[in-house]
Every structure is written in C-alpha cells, then in structure tokens.
C-alpha cells in the first residue's frame, strides 16, 4: 500500500506514548492506533516533531514506526524522516518503507531561503530516498522559517512524480489552498492531496477552501474527522458549531512549547494513552495550567459529550 | 498626565484611518476615539505596527498622534516610537510627549540575542528618550524574534524607573504572567502594569493569571472591555461565554499578513472608521475571505448583538 | 547629475564624522570628501549603516547629506534611504535628490523570504521614491538575511529601469558576479554597474570577475582605488601584491561590531577626520585592540608608505 | 585517554575523504591522520560540519570515527555529536567513546535564544551523554545564530565538570578570549582549553590573546601548527609573517558554501587525501575558481615551499 495523491480525511499526527520510566509504551501505541481507526481516521502520521522523534534513537524510531504500522492494518502510515542530512533521511526512509510505511514526510531545513534552494532540496531528498518512495511536503513556515510560494510547491510537485501530498500549515494559508486548487483547475499542476496542520486552528475554512482534510494532532481527532465529514457533506452550520465548541481548547493546545503537554494530558485523560509522560526535554504543565485545561474540558462537555471525562 | 504603573483595563491598539486616496482620515480618528472612550477603554495606543506607522512620514505621524491625543481628552495615549536608531526614536518621543502623550512604547530590534543585549538596549533607549518619559516594553517574540525571560524583564523594570508597563504578547505566555506576579509578590520586582496583546487570543486566561487588561486591536474592543470587566468582577463563566463567542472571528483576525485587513473591514462595517483603506503595501481580502468574515459575523450575532450589522 | 548604469571605480562608504560632544563635524566632512576626490574616488556613498545613519534624526541626516554633496562637486553622491517603511524612505529620497544626490541605495528588510517578495519589494520601493530616481540594490545577506539569486537580481533590473547599480556583498559572491555578467553577455539582462562591498575582502578577485569597482569603507580607500586601477590595467601581480599587503588590516577592520571603531580610529590617525568618535551605541576598542591595530599599521608601512603614521 | 582542560596546540578539523564513487576512502583517512601526527597536530576532531557528518548514515559515521581513532594512536580524537535530539546525540557519543574517542563536541541548536535556554541545553546534553564524557562547547554564532556571552560560557563551565574545552569561533571574538581568561585570572571560572576555529582567520591575534591553539580545517594545518608554536615561543614577527603569507588563500577557503570544496581541492593537490570528492549536496568549484586557487598557491609558494606543488 503506497500513498497516492487522492488521500482524503484525517491523518492524525500520533504522539509517541511513554511509560513513567521513559520506555516506549507499546500497548498504548496499539490502543491509540485502534482508537484512530475506530474514530474514522483514514491514515496516520508518526515520528513527526510532535511525536518526539528527536528523542528516539534510530533503533527506537524504527520500533515505534513498526508497531504503529503493524497495528494500523489497512490504514496508510506516513513516517516523518526529516533529518539534518540526506544519509540519515535515506536510511530512515528505507527502513520505514521496508516496515510497510505508505510514504514519508519531509520538512525543509531552516537554512533554505530562495525559491531555487527549496526546489533543489526536494529534488535531492527525493533522489536520496528513492524516486519510488511517495513523499509529503511539510510546509510550516512558523516553525521552519522557510516560505514556499504556491509557485514553488507547483515546481516541486511537477519535478517529483512521487510527491503525493502537501501538509499545509502556512499561516495565513487559506488563500494558498485556493491558489493551489486554481493551479489544478487551470491544468498547470497535477492534483495532489492537501491535508492541513497548524493544530487545526483554521480547519473549518480550510475544508471549504478545498483541502482534503487534516493532518494534525489535536487531542480530539474524532472531532477533526467529524468536521471534515460534515463539511464535505455540505453541513456547514453543523461543522462550524462543532468546531467552534472545540476552538477554546484547540487554541489552548496549539501553544508552542507546552502544546504537546496539553495534548498528551488530554489524551491520557481520555484513556487513549496510558500516561502523559514526555521524554526530556519536556514542556510541563503547572497546576494552574492543568486546572485551565480541566475547566476548558468542562465547558466543552456541554457541547460535546466526548469531553465529559470522569474526575481525576 | 503621565502613564503610571497601575494602569488597568483596555488600551486598544488604534488603526490609522485613511481615505480612499490614502490621505489621513481625521474625522475617522475622532469618531474612533469617541467610540473607544464610550466603549469603556481606559487609554489607547497609536502608531503601533498595526497602526501602519511605517507608512507615515515623520510629519504625518505627528499629525496622527496629535489628533488622537486631542480627542482622547482624559484618556492616556501611548505612542509607539520603535525605530531603527535612537535618534529617530528620541525625536519622535519628544514630539509625542510635547503633544501630550502619556508615554511611549518600545519594541526591541530583532538583532538582539543575549540577556545583556536586551537589558542594555532598554537602558540606552530610556537614556535617549529621557529618563522622565514613561515607557512600555513590547514583548512580542513571534514577530520580533527577541525572547525576554521573566528575569530579563525584571532587570529592565528595576534598572529603569520610567518603565511602567509590559505589553505582554509572548506565546505561550500564561506562565510568564504568573512568574512576573510572583516576582512582585516576593518583593524582587516593583509592580508594573501588564496589558496583553497577541490579538487577544488568550485574554480569557490572561486576566485570571493576573494581567491588568488588554492592549490589542481586535475589531470589537468593547468585547475586550467586557471580558476584562467580567473577569475582574469574578464572573468567570460570563467572561468565557462572551470570549468564546468571539473566538472564531478573533482567531480569523489574528492571521499575520491579512489580520489588519480583516480588522479594518469589520471596523468599517461597524461604522467606527470611514473605510477599510490601507496604505500600500497592504494585505488585501479576497472575495472569499470577505464572505468568510461576513459568515463569522453572522454566527457571532446570535450571541452578541453588536455583531448584527446591516447588510452591505 | 544622475547615477547611470556605467559607473566604475570606487565609491567609498563615507563615515559620518562627529566631534567629541557628538555634534556633526562639518569640517571633517569637507576634509574627508576632499581626500576621497584627490585619492581617485569616482563617487561616494553616504548615510549607509557604516555612516551611523540610524543615529541621526531626519533633520541631521539631511544636513550630512547636503554637506557631502556640496563638497563633492562633480562626484556623484549616493544616499542610503533604507527605512522600515516606504513613507520615510520616500521622504528621505525626495530630500536627498532635491539636495543634489545622484541616486539612492536601498537594502531589503530582513522579513523578505521568497523570490517574489523581494522582487515586489523593489517594485514598491521604486514606485514610492519615484520611477525617475536612480537606485542601487544592496545585496548583503550576511547582515540582512535576504538571499537574492542572480535570477532575482535580473528580474529587479528588468522590471525597474531606474535600477542602475548593484552593491554586491554576497558571500561567497565571485560566481554571482560571473553569473550576472553572463546574463549581460547572453542578452537576458541589460548591463548594470556592479560595485563590491563586504569590506573589500575579495576585491582582488572581484575585479577579475568583472566587477566595475568597489563600494566599501576600508580606512585606505586610496588602496581600493589603486587595486581597481591596477586590475583594470592588467597589472595582476601588482594588484595582488598591494591588496595582500593590506589584507591583514582589512580583515581586522571587517569584524562585525567593532569594524567601524577600527575604521574611524585609522582614519583619524591618518588625519582624514578629526576624531574617531562614534555616537552611542558604539563598539569601542580596548587598549589591546588599539595596540593590535597599531601593530598592523606598522607591518603594513613596510609595504605601503601611506600606513607610516606619526606616533600617537 | 580522556580530553582534559589543558589541551594545547592544533586539533585539525578533519574532512571525511571519499572515493570517486562516494564510498568512504579508508586509506586516505590513514594517510591524512599520519600527516596530522607528523605535522605536529596535538589531536584531531572528526565528524564536524566540515567533515560532512550529515552525509553519513549512523553506521558510516561510526566507521569513520573508528578509523581515525585507531590510526591516531596517542593523539586524542574529538567526535562531533551535535544532533537534533538528545537520543541520537547520546547514542553517537556512547559509540564514539566506546571506540576510543577522547571526548565529544556539541553545538547549540539554532532555536536557543535566552541565556537560560543555552545553559539548560548544555546541562541536558551532558546528562544525556553521561556526566563522565568530556565535551567541547562549539561557539559559532555566524552559523548557529546562538550568541553566548562570556558569562554564559562561565555558567556552562561551572555547572558541568566534564566541559573541558571551548571551540571559539565567535566573530569578533578577540575580546571574548580576553574576557574568559580574565574570569580565570580572577578565580570566577576554572581554567579550560580554548582552541579557535573560524577558519583560522584571526589565529595570529587569538594566540596572543591567550588561546591555547586552533581547531579548524585549513588545508595547511602544518602552518597552523607553526603559527601557534611561533606565537607561544614569542617569535611574534615570524608568526605574523607566516600567517600573512597564507592569509589570501586562507580567506579564500573560508567562504561559506564553497569553502570545503577549496579545502579538499588543496588537500588533494598536496596528496593528503586521494581526491576532493564530496558527497552530495556539494559546493563545486568552477574552472575559474580552480584557477584562482592555483594562482593563490603559486603566490604562496614564494613564501612557503609547502605550497609549491607539482603541476596538475
């Protein structure tokens, strides 16, 4: 099963669950993967930044990827392979594909500046991992400081037949989705899958602009699935009502630095993973922050029963 | 009237209104200032980045500042004086104070890196503008790429008696507010006013963490006033209910690049300014974006009648 | 007299001389300008970063520019007009041209990333200052973090007939000169003047690659003039011999942060300006650094008698 | 053999030699290591940025490190272990130390900004690799954009007993050496070894300021050895004469992007490695650049017979 350019729906960015002693929590990987599948995810993405990939050594990374892939069954799994050099990237990509990954995701190094540098980087990366390995462009200027115009994305897509998907998290990015879909409409770019990240902060309108879905890690991926489904079905008000109910918590979770702590906390509260342990260095939640999250969950529960959790 | 360290409430970041031909729209300055005053603002801030200050030549900047100050009457007016060099900063600060400003706001240049560089910069800036001129630290790492720890802010406050206020827009920043208030509580820093920016995206919790209010430019500054007031009065649920109703639009307005276009569009729709004209270079709203804003206004109007606007 | 695209030789980057009390030292401006003219400069550039432009208020900046222009007589004077916004840039450009400047120099703001952003910026800048005002592109990625490919420079040159010159200080940059001259040779770009900066660190080879000369501020501009002349005359060995003799001091002067202090110190020692005073904030030379500079001057004097200075 | 805080002399930054097909050239590793030892190096550093470490997969990196270590015999070998996460860093450090490395070198990630962040990072890194593993701080703001004050370095040295050395390549940096040595003199910091990088561009004065030597990769490491030795022996003029003769080539080699191509080209010309092949992505020398390097070698040969190479 290989990733193709017509993927739709929600590919959650999976966290890596750890036990209290920092060991990889394999049982939680299984539980989480089952939850994604039952909740309507159409794929998943592992070993991203929010998957604490830099805190895993190469052998561990492979263990994590294999476990997710094995459990995901028919769901395609994308593996993040961004690395400071092409040798490490190629090694991880090869291992991941051998283990059954559907494709890989590649972020640009922050040293890239000009259009030509960005285009050349993806050509070299594709050559390094193998022209037959489907890949996803991660376009996240807020973190990577690399800015790709729609025209640059079009060049990458055109130059590399194995480029199947854009993880769109430019900010602002709504017009970028429209521009890329316009390229497809006027025949100057072949169609690709566009899944949106950025914590889901604009998912309501991204779907309406033509995105195929979401690839992000909000602690209620089932909500993301619902919003994408409702939007695709034309139930605009229902989509926005659900999204807006989650927005206060979603915004809280999107804070850089402590976002993953919030996410893991809520996922552990929901029982999706065994604990909210992060490997070090880890952003920690103060007692006040925990109380704020609980307060937001309580308010959310009035609109979405999935947020009604048993007391701690 | 000079700014002091016990300011509270909402100091809106005022946009600069322009006529269709790009001229400064003085009548709109008056109308907007009246609206702020009647809506409960406790001060205002002019010539910030969102006030299109870089698009005004020095003479125009002074015209704008004077008009706001004259109309604001008893409300204190803070003037943004950030500049690439201390000579221009001092010249503008002097003119602004002569015109009746209550104080000035200073952002750090993006070249600053170390703690000592940041502390030295504010010492030099205060010396340049005059040790008697009250100033506000603008702490906005997302835009300026300068990161100030709570300890650095304490050093600036301690070194400079004329530092009266922090415009807090670090992200994430809730723990920073708590840390600064803890410094005050343990007597290691004199109390200062903390008003929060960042588009208001976390105002609900910032108030609860000890902020004195807001300094930002959302198109419904009257909502910001209400949230600060409700929060101060202990009406927590009411504060969050109102805030959450606005959050979808507030988030939309906070997008970098087109945020000001959204803000001016809504302010013009509300009749607070004569038009949404920006001077070039300006981020423009596509027809789709306008429709999205109108849709958000329509949804908001169900919760807040202030958003119920006559059809265009 | 307007700048045109066939300028050649050396346009020194002039420092702004100050008296001990920080006042502008007008007599030193005259003396320095005379020295440049007699030493073979073919133009000069004022109010650059190394001219301490940010430490001058707008009125002072104009005083400085006018004095240089008046004294320079037939030599064309370029005025740096980089500013955070187009309003200030246009105001300064207008004043400078009214005062008799030959053209202006514009650096890109560090926020620019994509090719299209850079091209658009120069189009807007040219529109702001007036399409009839000759301008110079300053291409200095080390300081501005904006990277322009040869193709981007070609687009700017082609889009803006008033673009007359490139201040080339990319690093490494030799191949860039070759690429631009190749564009001219194959007819895809009209010829422009290329003067090289970067402290002169590669001037020996830049001339051989096709540069028209230098625009930088080394304390021995007369050496730069000689190297450009010798190189143009085909006296390769003589050019390198002279350049290499200066390289140890030139390298020392090129250090970021304290480079201007070295430059002013040596210029004052040579009697070109009345003192080495900088306005604050200023990088200062320690006693050890002064001794190092004197040691380098002493060694240089064995090869170039212009460095044989009377004892302090 | 473990690195200690009293290392002196020259630790060349070793390139990784490759064969024409991109395979690691083990014979050249041996030849190069022998050359270093016979030329007076007191140690060496492998797998740095200029060692093309990011182009080696983890297994290859270990092969390279082991070969250098085995051949170096009594010379201490430092292994670069900078990595995007502590897991990969710890894994590589463990392997390197097991293979007989004397210590490791750690560069700060470019996301660090505040003093506390930098100090915390080195504490976490030391914990990750093991408190018994000697490490070197790499202080290279030009590339890493992380600025460490002398005070921050003192905190790292004081907090971490296993910090043995500073690879100093701040720019400008002469005053930093003086400041650190002053800390040692006044007893506020324990003595550490300071070896200077930055391509050797200021080695002449760095030695005089109190540096213990050099850690850089210029194609004539034997010249670096001589300059350090002459300077230590008080032969100031001789040290500068030799350094100045090399400065034109040394400067040429220091260009970012193509510096390694120049270095490998000259090393291959000298017979120190079998070829100048780099793995991709590689900066290439144009025919003109090769001619420039040959010209510089020819000029240098008049002063230093080591540069008199047989024709190609």
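Going by the order they are written in, the chains are A, B, C and D; count residues from 1 in each one.
Just so it is clear, a residue touches a chain if its C-beta (ideal position, glycine included) is under 8 Å from a C-beta of that chain, and two chains touch if they have at least 3 such contacts.
Source: prediction; values computed, not measured.
Number of steps on the shortest path from chain B to chain D, with steps defined by chain touch: 1.
In the CA-based superposition of chain C onto chain D, the rotation angle is 180 degrees, rounded to steps of 5.
For the interfaces A-D and A-C, the C-beta contact count is higher for A-D. Here the spacing of chain A and chain B, counted between their Cα centres, is 33 Å. Inter-chain spacing, taken between the CA centroids of chain A and chain D, is 39 Å. Centre-to-centre, using mean CA coordinates, chain A is 48 Å away from chain C.
Across the assembly, chain A contributes no residue in contact with two or more other chains. The touching residues of chain C, counted against chain B in their complex, run 53-58, 60, 83-88, 90-91, 110, 120, 124, 279-281.
Contacts from chain B toward chain D in the complex involve residues 113-117, 141, 145-149, 151-152.
Of all residues in chain C, those touching chain D in their complex are 171-172, 174-175, 178, 201-202, 204-205, 208-209, 240, 243-244, 247-248, 251-252, 255-258, 286, 288-289, 292, 299.
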